[in-house]
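These are the structures, in structure tokens.
One chain, subunit A, appears in both complexes that follow, with subunit B as partner in the first and subunit C in the second.
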Partner chain A sequence: MTPGADTTPHAFEAETPRLAKKKFLHDAAEHVRDTGHRAFVRKALGGYYTSRDAQKARFRDWEQARDAASLAKWSAVNRLDELLPTFVANFEANGGRVHWARTADEARTIILELLRDAKAKAVIKSKCMTSEEIHLNAALEQDGYGVVESDLGEFIQQLRGEPPYHFVFPCMHVRREEISDLFGKHLGTPPTDSPEELTMIARRHMRRLYVDADVGITGANFLVAETGQISITENEGNARLTAALPRVHIAISGIEKVVEHLDDLAVLLPMLATAGAGQPMTCYNTLYAGPRRPGECDGPEEMHLVLLDNSRTAILADPEQRDSLHCIRCGACLNVCPIFKNVGGFTYGTTYQGPIGSVITPHLRGLADWNHLSGASSLCGACTDACPVRIDIHHHLLHNRRNAAATSPSRLERLGHRMFVMVASRPWLFAAGGAMFRKSLWLLKKLRPPLLRDWLATRDLPAAPARSFRSQWRARS
Partner chain B sequence: MTAGGDTTARDTILARVREALRVPAPLPHMKSHAAVAAAPAGPDSLTILPVEVARPWLPDGGETAEERLAILTENLGKLRAEVQRAADLTAAAAQVAALVRERGWKRVAWHTHPAVEPVAATLGCDSYRLDSTSFDKDALEACDAGITACDAAIAQTGSILVSSASCGGRALSILPHVHIVIVTLDQIVATLGDALDAIRTKHAGRMPSMLSFITGPSRTGDIERILVLGAHGPKELFVILVG
Partner chain C sequence: MWPLPGGCWAATLTFGMNVSLFIPCFVDQMTPRVGLAVARVLERLGHSCEFRPAQTCCGQPSFNAGYWDEARAVAIRAVEVFAGAEAVVGPSGSCVAMMRVFYPQLLTGTPHETAALDLAARTFEFGEFLVDKLGVTDVGARFPHKVTYHDGCHGLRELRIKDAPRQLLRAVRDLELVECDEPESCCGFGGLFSVKYPMISTAMAEVKGGSLARTECDYIVSSDPSCQLQLDGWLSRHGKKPRTIHLAEVLVGADA
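Let's turn to the complex of A and B:
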């Protein structure tokens, strides 16, 4: 674990990191067997591909636009030393206050102090993955603050007592009947199978809460260095209400979200929407520059921004994987990932699921305990193809595997590789080994040695060909 | 935070950032190097990618005023916003008054603005004028609809740009169940970049405390990824194109 990194047990995270891999294998096996769940998730994502492709087609050159987006993020992340202080100076000049947090624990302490200072009674929150990362809600509740998630998906997950299943579509795994029952139980509403009516129940429930809350907590998608604005992307309008009505606005953001120019958003915002949800633009893209100004009708009296490191600087220090900090959390890599679709979001046991989560979690929470996520990949590269900012995701999974092998090599793997090298560099031995293998394959099937047992539990070995590839090749030519 | 601990946290994080960046990272994998080639030369050649370079790659916003209007109208329709044309503000006022009658609205909120005042004058129902002294969130919450001006309308994405400085603050365009926005034809721009230029010019360097690109009525797909309009913000967005 990186010094300073911090984790708090969470209902859906492994109690002790050592168990993370065991839990992953167990949950993955369980989910893969649950064909109903898999079919439901695939169906929910079905519309995404169609609308994403339709929106991509509106770009005159999607691939070059990806170049522009990746370059905007590359140049910002690689000049973070300069741009982060610039952003902070401009944000403060706009009347906002910045709080620096090295760890999740520091971030929670800062936010609790801000709530105490504000004499907060009711807190409303809009979707913020950084707050999931620091397990903010549990800390607020422990200190006696009532906190309500206002994003519909997050609200449903909060009532269910679960973290988000997917960091963009938090409750995509939940059926409408379950939501109807959940609302019936917690809000006393009559059952309905209409998504429209369920949405209106949440809408009616939430309206007074926005008006009555003292403090609104939001995330941030981009920090604009040039102007000192923070940019928040959302569809529902809940973040806008959260930043408009309460007296105090607290935003939480990782330090890597800086972009240099306001104009960068002219590229990044439509790409985020298209890649993430197949939209031309997310419904509300809002830039905040401090609290209410003199002459403005409304807005908070105070605006605070908590800037979180929590091991992001450890990723920054790895030039090979630094581009994983370009991530704009669109979720495209989850949507296309065969592993995500088969094992489901909870199996990861991480705040950030899917391919990008598998890349960054080992940095945030320790390679030794989280490298198994990098193994859970077919290396098909669908994630890399989908990434609007061209993060080299599937190669980073390989980099993690290599780094793990270098720092804590498995003796068995080393022995296996040594034997392979020995055999593969001696053609006669390779041919002899192949012949032996072809003849004894039936025996392997029958004996099911422990090393192959897991693999054979869900698969059949193919029938052995009568002749080797090399002899078949010779016969052809 | 006044505690000394915060300064330490800032210094530690910035020191870690500086240390981390001592080893340069390779350039991202790119399809072509047009983006790189287009950046100004010099040691910092990759630090600036003018949005103009990316413009021909992004969705089209139209070259002429007619094209921009056509693209905007088409995009707004796809977003399920209601588009109405009005020859002038008097006609717009009559259209909004007709809406008020049709829907049986009791109270409509609006703000002081040359494009909004004539519309608000003939609503035919109770109205609530927002300004820097009259804001009351309970009163606004009880309104059936809100009328605002805008800073720009963006053809490329079908977005309407509003700001806290010129569009009645933060809540007026998000809290009422229906948002009516008055757009004059000269406010239509091709792209998001053009809208940002317009806002920079208008506010001369000091940005309003809120700028929001509104792209259709509020929506969610959180339940089984099925689209529902009106999650928390307005269920309906009326865009009145005047001119």
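Let's turn to the complex of A and C:
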């Protein structure tokens, strides 16, 4: 079976959470030093910008399409109590079975039970971030199941023993030569420089595995309430094979993926493809409506859907950040984020990287330990502008900072801000403090107190002017 | 009419506006020339300027760090200081965004909410004020240099200012305006972010500063002194040639 049991996601979870910030700072500094890698990622994204802009231009009005997509998600997320039961009733009427999972642990237990019931030996998976969220692969391997990722990028990451670097482009950080070497090492194939050949190597390897697998595990992009269908969008056709060939199909989805109408996909699917990959549509868009029916020649015998909460209801309960449940996991916010581009995907230490990951991870794993991700932002807002469903991403980073300051403030920081208010509330003190700062700046530059030291390590600071604006203005009039 | 002391006389006669200058704290202390340039440009156009010395800082450092109660105290003060002003104009997209976009949020549900909304409606970023409020694009300036414009993120995305500064620059005599290959990328300043996460902040300065320097311009024009601090800091440390200059300083350059 495929080697490279990915231990890394587990390592993330097992690691003392208190160290998450320390590790982030360490890894960020390390990554920033790797200028070659940063340039490689920027270049890879350069192609994406060009094709995304070309596809956006094909919309009669991109901004209006964003409104429509956002409205479809908004109206579904705000009526989950009504739409989820509708979806479940229709899905089960189609012959599928729904399993509710409150936590990651419950979801893993449900899936392991389904595998036991199916007497499964081999499992094949298509791309599914929810499974990354619940660390499914590690749990399956621990119980002795062989599991293979059928998405090319995920397969490469599995062979490398790494989690996805980017939740849409899992191996965007890997160079072609490295993939060729990796396949050579694990699959015994000769070196090649051709992307087509590399894809074919993975496909040839995979064909057998689809046939041998007893269970196929997929994610879900959308759950259509009115028809009870699962919508999966992909480029390689691997999700179709994963869902159709094995005896049992298990889909895993967060509860927020439900939309009301089939029509909603008419805007959501093209927007997902455009924002996510710069494509007009992805190559394969499939609606799964239950297992094989009598008289049908293909499809699984059983179809299960694990509906995962895992703190989504906590986000739902927060009206301010509820729109973060609109997320269709397109990754557009990562692609434009200067933080992501400079620190790389692994530095986050989260399932969901980038701006949206920084917003939701504190909800999934605790604000006190993960607020540093919200702090690590210049609040430039490129993410919010890129979001096809209009999530107010960068303002939510501010909201997380505020919530963290209210619930677990740093005493020193709070004192600092109180002193700042004291000074800012007294113009005479402000002017005097400013004058003192200007007069002593040369000395401060030599003494390098904390914060100033961090600035001066990489950047110069101008000399202070002799007189402030207020004093010059006074003299002027 | 400049340098007529108390330009308000002339301005009143020419039906100019009475502009209350909003001078961000670090402009007050570190780049007073920017504030003076703003006043000069406005007065030359026939408007009068006042400076209310009770103003200090907009409170953005505390707001962005999450200390909203502390920021609220500063915001309430600022709302009171600028009460009754005909127009409040500041030379920083970031500080103006704080006042216009975030004060109303911060003061929602407080007795100061209406006053905050009222102030927001009268607060403008300098370049935006000239173009969108006064309808002026040619201020009669001359600046014989090749320049590029750096969009500050707050101006660009909170205030949606993109064309106004470029329109103003295009009307300046003998000025050549070029665009860099990362016009909308952040310079990485982000206030306290620049010292709390200095390595990321510097990496961002490297990307943006590098892109701006590659235009081989003489000056990088900006409407945000905080971005200027970051970009100049990085450019100077790395021996790159161009330096930043505030839009107001370009526009004050007189057509000789």
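Note that the second predicted complex is superposed on the first by the 443 of 477 C-alpha atoms of A that agree within 3 Å, B and C clash if a C-alpha of one lies under 4 Å from a C-alpha of the other, contacts with A are read in each partner's own complex, and residues count from 1 in each chain.
Here is the rule we use: a contact is a pair of C-beta atoms (placed from the backbone, for glycine too) under 8 Å apart; a residue touches a chain by one contact, two chains touch by 3 or more.
Remember, it's a predicted structure, so these values are computed and weren't measured experimentally.
Undergrad: Contacts for A:L272 in the overlay, against subunit B (first) and subunit C (second): which applies, first, second, both or neither?
TA: neither
Undergrad: One more residue to check, A:A20. First (subunit B), second (subunit C), both or neither?
TA: So A:A20 meets neither subunit B nor subunit C here.
Undergrad: Using the touch definition from the top, say if A:I252 reaches subunit B (first), subunit C (second), both or neither.
TA: A:I252 contacts neither subunit B nor subunit C.
Undergrad: Quick check for you: in the superposed arrangement, does A:L379 touch first (subunit B), second (subunit C), both or neither?
TA: second
Undergrad: Which partner chains sit in contact with A:A464 here, subunit B, subunit C, both or neither? Use first/second/both/neither.
TA: After superposing on A, A:A464 lies in contact with subunit C but is clear of subunit B.
Undergrad: So, A:V359: does it touch subunit B (first), subunit C (second), both, or neither?
TA: neither
Undergrad: Per the contact definition, I'd like the list of subunit A residues that touch subunit B in the complex.
TA: My answer: residues 44-45, 47-48, 58-68, 70-72, 74-75, 77-81, 84-85, 94-95, 97, 99-102, 106, 110, 113, 150-153, 156, 169-172, 174-176, 179, 195-196, 198-200, 202-203, 206-208, 210-211, 227, 229, 235-238, 240-241, 243-245, 255, 260-267, 269-270, 277, 279-299, 307, 309, 313-314, 316-317, 319-320, 322-323, 326, 389-390, 392.
Undergrad: Which residues of subunit A touch subunit C once you look at their complex with the stated criterion?
TA: Touching subunit C from subunit A are residues 25, 28-29, 32, 38, 42, 338-339, 341-343, 375-382, 384-385, 398, 400-406, 409, 413-414, 417-418, 420-421, 423-427, 430, 434, 437-438, 451-452, 454-455, 457-462, 464-465, 467-470, 472-474, 476-477.
Undergrad: Which subunit B residues qualify as touching subunit A in the complex?
TA: Within the complex, subunit B contacts subunit A at residues 1, 5-6, 9-10, 12-14, 16-21, 23-32, 34-36, 39, 46-51, 53-54, 56-60, 75, 78-79, 111, 130-132, 134-135, 137-138, 141, 156-159, 164-165, 168-172, 174-175, 191-193, 196, 200, 207-226, 228, 230-234.
Undergrad: Residue numbers of subunit C touching subunit A in their complex, please.
TA: 5-6, 23, 25, 27-33, 35-36, 39, 51, 53-57, 59, 61-68, 70-71, 73-74, 77, 153, 156-158, 184-186, 188-191, 193-205, 207, 229-230, 232-234, 236-237
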